[in-house]
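The data blocks that follow each hold one structure.
Both complexes shown next keep subunit A, but they swap its partner, so subunit B is in the first and subunit C is in the second.
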Partner chain A sequence: MTAQALDGPVRTALADLLLAMADDEFVIGFWDSEWTGIAPILEEDVAFASLAQDEVGHAQALYRLLADLEGGDPDELAFGRRPEEYRHARLLDHPRTDWAFSVARRFLYDTADAARLDALVASAHAPLAAVVAKMRREETYHLLHMHAWLERLATGGQEPRSRLVAAMERLWPDALCVLAGIEGDDLLVEAGVLAEPLAAVRRRWLAGLAPELERLGLPPAPATPPTRCRGPERPDDFRWLWEQFTMVRRSDPEAVW
Partner chain B sequence: MRTLSGTEVWEALAEVPDPEIPVVSVVDLGLVHAVEHDGERLRVELLPTFVGCPALDLIRRSVAERLAGMAPQVEVEMTFAVPWTSDRITDEGRRKLRESGFAPPEKGSEPAFGRRPGDTGRQSRPLFSTIPVRPSTTCPYCGSADTSLENLFGPTLCRTLFWCNRCRQPFEQFKAI
Partner chain C sequence: MAGQPMQVYEVFRREREGGAMQHAGNLLAPDPELASHYAREFYGRRQESVRLWIVPRAAIIDLDDPDLLQPPFDRSFKKPAGYSTEIKAKLAAARARAGTEAEEAER
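Entry: the complex of A and B
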């Protein structure tokens, strides 16, 4: 299926999904790049920088898909909007905080993103399926790494464990937002763009995590469905990040790079 | 006008080094997905190694520069038509990597994801530990199998970091992807 074959409402729903995914990847990439130089160990300076680079690269590919669909320019999409116009999940509003917090947040995000990608890998929208097939392979390294850290902190003694548990309790309500907040996903399912509704993807994600969380004695997902998942309200922490990642662009919007 | 041969194009492509690891060419890395020419137009499609690789446009431009003039119209594009996988690295490429102190990826250890025939997107897949074999390799300097994985991630997206316990040198492995 090419972009031209998508009718109005399906096209709008796809654009919303692409923007949400691209913004998710872009924002987490920038937060995690902040660990470079100050991670607990040198290996994690390298690892988080690499993870962040992956995410920003994925964002770039998704912004390009969106630009191909709706017109516009990927750089403008990435850097040219006001904070209230970004559509990332609330989970990505939080700053780095501490190491356990970043590990918990990244673990929750990466596993949810993997479930989302799995529902898109056979997408009838060929350009999306192609990019997803590539991204999903790269995500396996994210999952391997973050799972190892989750286990390390959960079993590493009282301090890392208590920080991890506190982080997960704080993050769980927001984590549910990664697989929520897109209107019209039923249209995407009908059009074969998405394999199943996001609510089903969320159930699959949670079912996949539950045994492991139980094994490690970590808090399970809350039952309450999430609300106000993707803006436009944004906390000061995200507004600060927005100033950081748009600073160069705003210094000379007409510059050619 | 003389007819351009496929061989000439491939020979030219074999002269384009990867900017990060110049000992290997874009052909050695298996980056070339398609070459089409009809006398008027020469079109080459390349595969990105990693979605976020910052060298992608540089590679594309390097190929375009090398092929310039070989046809009235030369087009070089990156495509995701098929995912680039590290098993596309040729035997020659693997040999050149080893010779320059860079371990090639272990064949068969690539993550088994991406679309497979019959994939509906609704199957349950495990969310973690999806690499069946932990990256391992022999030292490209001394050949020892007594090596330790230091970091799944390295200075670029395509590298993992290793330490050789025998000759006591660090080295990098091209990531299996």
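Entry: the complex of A and C
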């Protein structure tokens, strides 16, 4: 299906989905890149920074899809908006905090994102299906790595475990927002862009996670996501991150790289 | 990771199909699973490898005894290069003789 074949409301919903996904990947990429130089061991430093870099790469591909659909410039989309215009899930409003917190967040995000990608790999919007197929191959490693870390923190002694449990309790409601907050996902399902509504993707994700969480004795998911999942209100933590990642561009918006 | 001592793993990589496994370097990890993740990060994330072997250094049999590896007497006769130089000369001589004999037989 070409961009022209999409009618008004479907196209609007697709644009919102692309922006939300791109912003999710972009913002988690920036938060997690903060571990560069200070991760628990040198090897993990490289690994976590590499995961973060992958996400920024995915964001770039998604901003490009959006620019192809709606016009505009991917860099402008990434760096040229006000904080309240970003559409990332509330899960990504939290600061880096401690290692267990970043692991818990990335675990919840990567597993939710994997469920979302599953629902898009056969998308009728062919350019999206192609990008998603590539993203899934990189996410294979992200998932392996995050399952490995979740297990180690959950079973690695009292302090790692209590920090992990505290992080999950704090993050769970906002994690549900990764698979919520897109207007018109039912239209996307009708048009074949998305395989099932986000609420169904969310249920599939949670059902998949439940045995692992139970085995490790970790907190289960709450029943429903918060009412406002994707802005426009943003906490100071995100505004601080926004100041950081837009700093160079704002210093000279006309600069050519 | 608590209480898990870090171990050194040696990593070998194959650059392309059909190539030899070559030593790439090493890393520290608390267990084989994370060792394989870190090996991928260090030696495979830029598409520079098609296969990795990740080996605990403790599993490597280390041999560096000079009495075994650097014997003191001349061993050139055990080297294919030294052997083949002489063989080539003998072969050339034999061919020369055979050539002469062949010409004589034709007459």
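Operating definition for what follows: the second predicted complex is superposed on the first by the 256 of 257 C-alpha atoms of A that agree within 3 Å, B and C clash if a C-alpha of one lies under 4 Å from a C-alpha of the other, contacts with A are read in each partner's own complex, and residues count from 1 in each chain.
By definition in this document, contacts are C-beta pairs under 8 Å (C-beta built on N, C-alpha and C of every residue); 3 or more make two chains touch, one makes a residue touch a chain.
Not measured: the values here are computed from a predicted model.
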| task | Using the superposition on subunit A, decide if subunit B and subunit C clash or fit. | result | clash
| said: Contact-wise, after the overlay, does A:40 reach subunit B, subunit C, both or neither (first, second, both, neither)? | reply: second
| message | Under the stated touch criterion, which partner chain does A:145 make contact with: subunit B (first), subunit C (second), both, or neither? | response | both
| said: For A:8, using the defined touch cut-off, is the partner it touches subunit B, subunit C, both, or neither? Pick first, second, both or neither. | reply: neither
| query | Does subunit A have more residues touched by subunit B or by subunit C? | reply | B
| said: One more residue to check, A:50. First (subunit B), second (subunit C), both or neither? | reply: both
| request: Have a look at where A:157 lands relative to subunit B and subunit C in the superposition and call it first, second, both or neither. | output: second
| query | If you stack the two complexes on chain A, which partner ends up touching A:211: first (subunit B), second (subunit C), both, or neither? | reply | neither
| Touched partner set for A:60, first subunit B, second subunit C, both or neither | first
| For subunit A, which residues lie in the overlap of the subunit B contacts and the subunit C contacts? | 43, 46-47, 50, 141, 144-145
| Tell me, which parts of subunit B touch subunit A in their complex? | 48, 50-54, 79-85, 110-111, 113-115, 119-131, 150-157, 161, 175, 177
| Residue ranges of subunit C in contact with subunit A within the complex | 1-4, 6, 27-30, 33-34, 37-38, 40-42, 45
| query | Quick one: in the complex, what on subunit A touches subunit C? | reply | 40-44, 46-47, 50, 141, 144-145, 148, 152, 156-157, 159-160
| message | Could you list, by residue number, the parts of subunit A that touch subunit B in their complex? | response | 43, 46-47, 49-51, 53-58, 60-61, 111, 114-115, 118-123, 127, 129-131, 133-141, 143-145, 147, 194-196, 204-205, 207-209, 212
